[in-house]
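Each structure below appears as structure tokens.
Paired with subunit B in one complex and with subunit C in the other, subunit A is shared by the two complexes that follow.
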Partner chain A sequence: MASTSKDNTNNCTAEQSNVTDTLEPGACSESILNPTDSFEEFASEMSSSLQDRDSSLTAKGSTISEIQSEIGESSKENAQMKNTKSSDDLQSKDGAMSASASNSNLTEQNGVDEDCDNEKDDYLQSPELVNKEKHVFILSSAGKPIYSRYGNEDKLAGLCGVIQALVSFIEEQNQDILRSINTKDCKAVFLVKGPLILVAVSKSNESETQLVLQLTYAFNQVVSMLTLTQLNRIFEQRRNYDLRRLLSGVERLIDNLLVFMEKDPAFLLGAVRCLPLPEKARENITNAIISACNKIRDLVFAIMIAGNQLITLVRMKKYTLHPSDIHLLFNLVRSSESFKTAESWTPICLPKFDATGFLHGHVSYISEDCQACLLLLTVQRDAFFPLSQAKHTIAEKLRRSNCLVAINDALNRNEELPTTNPLKHIGIPEIRHFMYKSKSTAQLFTSDPISLDRLQDYRTRHKEGGDITVKKIEKLSDIDYVRNYRKFCSQIHCTSIPAKLIFRSNSHDTVIAWVTNGFELYVTFDPLMEKDQAIRAVDRLIQWIKKEEHRIFIMNAPTF
Partner chain B sequence: MIDFKTKISSFFIFNSSLGPKEGEELKRILFFHPNQVTTDARKMQVGLCEAVVKFMSTFSSEPCDALQTQTNRYIFYQPEKNFWMVLVVRIPYTTKALSAIGESRGEVIEPTIMYDLLVSAYKMFRMFMGPFQNIPIEDIYTTCEEFFTPYILSKNITNDISDVIQGIHYLPLDKNSFFKVICFIDLLEINYPDFKCISFVYNDQLIWNALSKNDMLTLYQYLVQKLLPTQVAKEIQGDAVAAAQRHGRFISPPEGIRNKEDLQKLVKVYLMCEDDTETKQYYLIVYRTLSATVCFIVDVNTNLQIETFRSLDAFIGPQLSTIASTISEQCTIQALQNAQITSDTKFVYFNRLNLAFKSSVNRPINKLIPSTTLKPEVLSIIAGMHSDKKSLGNYGEIIVKIPDEYWITGKTSNEREFYVIIQEKNATLKEISDEVKRICEAQMKGVFFYPI
Partner chain C sequence: MSRCDFKVVLLGCEHVGKTSLVIRFVTCSFNGNAPYQNTIGAAFCAKKMYSKGRDFNVGIWDTAGSERYESMTKTYYRGTHAAIICYDPCDIYSWERLQHWMRELRIVEEDCKVYLCGTKKDIVDSGAAAREVSEETVANYSKGLNGHFLTSSKTGENVEELFQKVVDDCVADLKLMKDVEEHRRQLITIEPVKHKRFCAC
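Let's look at the complex of A and B:
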């Protein structure tokens, strides 16, 4: 692995003119985000055998209890943590038991199959379900429906029974793990995580890996409401538990998350989008947060976001957040109208940070005239008032230092900002669209930053749709471009044969996908683009990003 | 070369409608390889496949293609309604899982190769036995057993470009030589109106064909992979010395046609001719002199006499050997010319319209000698490009760089495809593209590819 990456650096030098070989816009030695490649992590997870899988979910230690013990939290809580851990260990045994139980389920299933088939098929052919681009089902390992993206999951009990039977049959009889089933136009992808089975049935152009990542996100969304510990415990106690009782409200979160994942390239790249701000403004915001919060000992993260974009993140030393946790926070904030009206105090579990416990979050919008939302996450369960106090101090400071105006300008995509319409500003007419990821900081920038109102638009558009429609495309939207990049991303992120550079030209467009040690870049040009011309354009594009990097990216990693 | 037989966990054919009731599951299984698998295990495998097919039918109108588990891939092919052929191959889900089952990347077979294997197995079956549905139920189990067991055991699969892109090697000839071939065929068909010449092959290269596109490939594969290699082996053993004195001989049926009894041994095939609209049953007769092989078909209802074959032998023998020597001279000249332009670059050309296949990474006729094989990674990328025709459209180009300095270029132009593999350190996109252009001009003179 090491040798290939070295080669890669050499190549970039050769491929590009001398100017850009040292440029890695957005690169930064210290990152607020954990830049671990989720694709690699994913790959190792996917290669685990059946035995590994059962233990993997319980192996991790608790970060939260680590913090608590560090800041001298009462020993009582620690003891409780230990308890939950040992109960986790029981899980694997229980898993084995439940599997054998489900086997008998299968034979039963086979018998009944013929009878309930007609009924089941009828519902699956109903307009609510037929012709959807992507279905997502979540069920318990006992085969009880928990979530269906479309239709009523109650009526899908038959289908869930079949899924459960397939999964457990392959595990029991073949000692194997079911991964996917394909037809020419459709993929069904299966993921078993702890006590849950997640399935995506998709006719989109997403790769299997991309679909599994989405299922992992959906699982993490469930975990973020319950914690993994609680989830495991519930099913340990009652294998047949109807989890929907505990998940009211989560359905909507998963719905939104699924739409979000289909539209936003952040998921495709495993990166976080930052709100482009003048360096000074971002610095002021960060400083305002630090000065208001540095006295609050058990505050772990202070995060300010707006319109699915990160404004700043201040963290406790030693701890960083994974992009996927931030995505869940984006989704939570975007999906919860109630945060707009009042300061909220809510338990949040960030699965990558610590799946075993809750952080407690003070969530509020900065002010009525600014759509930025501040999340203060702590391990202290009764810190609402000091945090509320801190929030007001921060809001006041931001207003005085004109930061709210800067945020609003960026959100409303003020014409004068270079980042509002980057393509126009860069001035290379052949470039139609691009997206760029700085690998070391796990942040991305695209030529078409999503603004708030447009996100709303996706949601309403999606409500009508989800259906497969063949429409004649007159002008491609940024979503169409991102859709187009999916195949390139999956080739670039492929773990067995990772492509380093892809140049594809057809009668519709010319696309370059290029990955180096420092960044990933995807550019769409006009069709019939000459190679040297395209390379020159990429050169200039990278220089422009370099010039604007302080505005586009968060280039430091502030701590309390 | 990969030992293909060890990769196949199982290969089976089933039809759920043959044993609809519980307890009759075994009737659904037309064929199961390997033989030593217990009936319970067979039922289990087939049951799983039935469930998977049914599950996917609720979401898609397309038939099920594949089932992937952590260590195996089940490849499905439904050639006729309700008839399913399934191949279970050890292809792990991730490369990291490879080490877990103790294999290296090079030993993993491309899934597309396996799918094509199923398709060609079926087509071969249909050519000799006819469609599944026309075979009486009581015969079908033995028919499948007799056909597929030797087929599977004799099948050699390499991770080779010619298995990823299945095509036909054509032999380009100069006008005069080609004219001689055509004249020979015309003369023969006029003198023997019952006989139709369906293909003319020199070594493993096709010169003349009168079959529809689908059957052409099947017959060609039968000749090149099955019939001719055994024949060549025989000739090497010395059988041929006597045979060559007689100018030529019938090689199908295998013992030749010497007396009346041999007429009973004529091979029957189901084929569709170029201008026909339906498949008919014929006798297949193959004649060979030197390196030239000619295939004829005769309607099964024709009343055949041994005298006809004797006079046919006398007619073809001398003519064919003259033609064969002419072609042989041509080939020598061509080989000399080619030697001048060959370089170490690797390219592959394929035309979907006539299945013409040309490659610098050619393999020898009998696959005994390993060819200059491509790395499995490179092969996998080409397989991806070949199967994803849509993304390039009618005119397009794709260049992919993968680790170890491999640059793979794919170009399409309508139904034509051209791939070039270059391994070069510190190359730029522009340099690679120029090099590809140069190779394209040198090797594919007169064939249009974008960009010019």
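Let's look at the complex of A and C:
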């Protein structure tokens, strides 16, 4: 399991530096986001037994019905929810089996690839499918294809049958869970969730945990469209159901989510990016939302986002959102052109918040000249018109207080903003790239804030006075840096011997990965840096983040 | 409470062209190059229309045709004054599904006016795709309904006519108009002044 890189990797405890005396940049006593570390969660997912797996999918109490009863809305919906709940308890088909938590990590020299050859299935050799860095398949536990990242899943029925047979063979014969198959240059990772089997076949450098995380996201994307309750019920009633009937359009969402996860470190770190804004502007936006919405009793969350970044989140007291639910909302908004043309009203299930039921979302863009999208999520399915009115009030206020301009400036990366080109502003020329996560608030800042939409390397775009050519930087994009961090990230999150500080220097670059109680930081420097020099630069970097924290992060946790 | 006088809902299979129809009607445009994207949940639009010498705000719900939202769709047709059920003449399945909405609608809103709308007339006319639903079948079926139109969102043909007919029928309905007047009075007493621009989308 341990990485066998020849690099000079140094694990040592964090050195006390002067910046940690004060609160870490971005730290805040109360958070809008639930900062539970998803890595720990996935690590436990991977070591769970068959029995744990089944019991983890039976519904806990429904947060949505809790809210409904709290605001005195014992509506029909509530009753419906209860009815369906009984059928929601996954039958414990493995009740008689003894639990075993051992890992079935089959490592075979001639793994799946050759099996496929034996099958003589020509389609598996077609250009649509070969030479892809990462495949993702979703199938039902009966072996029916539901989704394939590449190619046509209809033609993959044979492959899905093989996957299903493998998974159930291990379960039935070995009373164990098939987690992964490793071949020379490729790993296949399996995840069985409720009635679905998800598989990633990857040639990338992502760890098993990272792949499981991605599969879990794909599963949650399906749940967010159907709810877990409905998903379970469908397959209880008809084990052979073709789920694609209910997932039209969701394929596009999963496609985009997979790309998004490969590019954006937010997934890797389980954190949310915020749109950098002047503190005052963000405060005005938040207040506009609160004053327009505070009379709407059944509103649970009001979320404003732009370009996969959070602008603000106002919430009902007691409730927070998990970063992964926000990522699904980012993905939904980013993937749906239809939100731009009209106000939408749609059921949305946020799996971490409550996988058993739908929230109802009013989704609209703030105005034609501002790409910020407002989501108003409620437990009341008839609330469209009051929310629509609230939205218009908010939009009007933001326009009058110049907040739309502030949002547009940030989105268009106005040159005058310190956060537009942080590296230039910080003025430490050796730093090529960094990403910083504030752990207590699950928020993230990277040196290329809108990497996803502007993929060009801004260092070359902004080259001035020839200093870039002097340093002869290879043209790396944000994505390349993120790929590079993956390995360090999994060492830091390794459950057996987690590293606190990793310093690695070679002729390509120098990387520092550092985790404390308050933050996680990954920095790429020029090659062959000395450790002392790098640590000093990191100190300065952290001081800069501290100085700009009110612009970069959401430092409070407003409620209605 | 809605500020609209009339509530119109569009129903029909996915991909029949409901969203294109609304966009053509509200913004007078059609983008044939944009790849198809299914509607998520439902989208609301409003447009001011003129009938019998007066202005009316018409609220239009463009629902998602995907089976996934079927159980939700009821929420959208509750209280609707008119329903436009769309089918694609070159897609027999979309015609067969039509009866499903008809039944559902009758259960929830028995008084609501029902219009049939065959979409993509430009394709039918050009012969680019073969008609799978005969004119005769449609004529027979639409006898008991409030109207049938064959529209093209690409050219705009019959789109205005369809919605104008819906509104004219509503205005001609005395019982319905009594409710509309009552609704307007309530709005004024609940929220005085200031609500002019609300329904523009």
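Keep this in mind: the second predicted complex is superposed on the first by the 484 of 560 C-alpha atoms of A that agree within 3 Å, B and C clash if a C-alpha of one lies under 4 Å from a C-alpha of the other, contacts with A are read in each partner's own complex, and residues count from 1 in each chain.
Heads up, the rule we're going with is that a contact is a pair of C-beta atoms (placed from the backbone, for glycine too) under 8 Å apart; a residue touches a chain by one contact, two chains touch by 3 or more.
Since we're looking at a predicted model, the values are computed, not measured.
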{"item": "Fit-or-clash call for subunit B and subunit C when the two complexes are aligned on subunit A", "value": "fit"}
{"item": "Which superposed partner A:Gln389 touches (first subunit B, second subunit C, both, neither)", "value": "second"}
{"item": "Subunit B versus subunit C as contact partner of A:Arg245, first or second or both or neither", "value": "second"}
{"item": "Touching partner for A:Lys203 - first (subunit B), second (subunit C), both, neither", "value": "first"}
{"item": "Partner chain(s) touched by A:Ala342 [first = subunit B, second = subunit C, both, neither]", "value": "second"}
{"item": "First (subunit B), second (subunit C), both or neither touched by A:Met261", "value": "neither"}
{"item": "Of subunit B and subunit C, the chain that contacts the larger number of subunit A residues", "value": "B"}
{"item": "Subunit B versus subunit C as contact partner of A:Arg381, first or second or both or neither", "value": "second"}
{"item": "First, second, both or neither for A:Cys370, with subunit B first and subunit C second", "value": "neither"}
{"item": "Partner chain in contact with A:Met225 - subunit B first, subunit C second, else both or neither", "value": "second"}
{"item": "Nearest Cα pair across subunit B and subunit C, whole Å", "value": "31"}
{"item": "Contact residues of subunit A, present in both the subunit B and the subunit C interface", "value": "none"}
{"item": "Interfacial residue positions of subunit C with respect to subunit A in the complex", "value": "1-3, 14, 19, 22-23, 27, 34, 37-45, 62, 64, 66-69, 72, 75, 197-198, 201"}
{"item": "In the complex, subunit A residues that touch subunit B", "value": "4, 7, 10-11, 13-15, 43-44, 46-47, 49-50, 110, 120-121, 124-125, 135, 159, 162-163, 165-166, 169-170, 173-174, 176-186, 188, 201, 203, 208, 487, 491, 495-508, 528, 531-532, 534-535"}
{"item": "Residues of subunit B that touch subunit A when the two form their complex", "value": "44, 47-48, 51-52, 54-56, 58-60, 62-72, 92-97, 100, 105, 377, 380-381, 391-405, 425-430, 433, 451"}
{"item": "Subunit C partner contacts - residues on subunit A that touch it in the complex", "value": "225-226, 245-249, 252, 332, 336-339, 341-347, 361, 381-382, 384-385, 388-389, 392"}
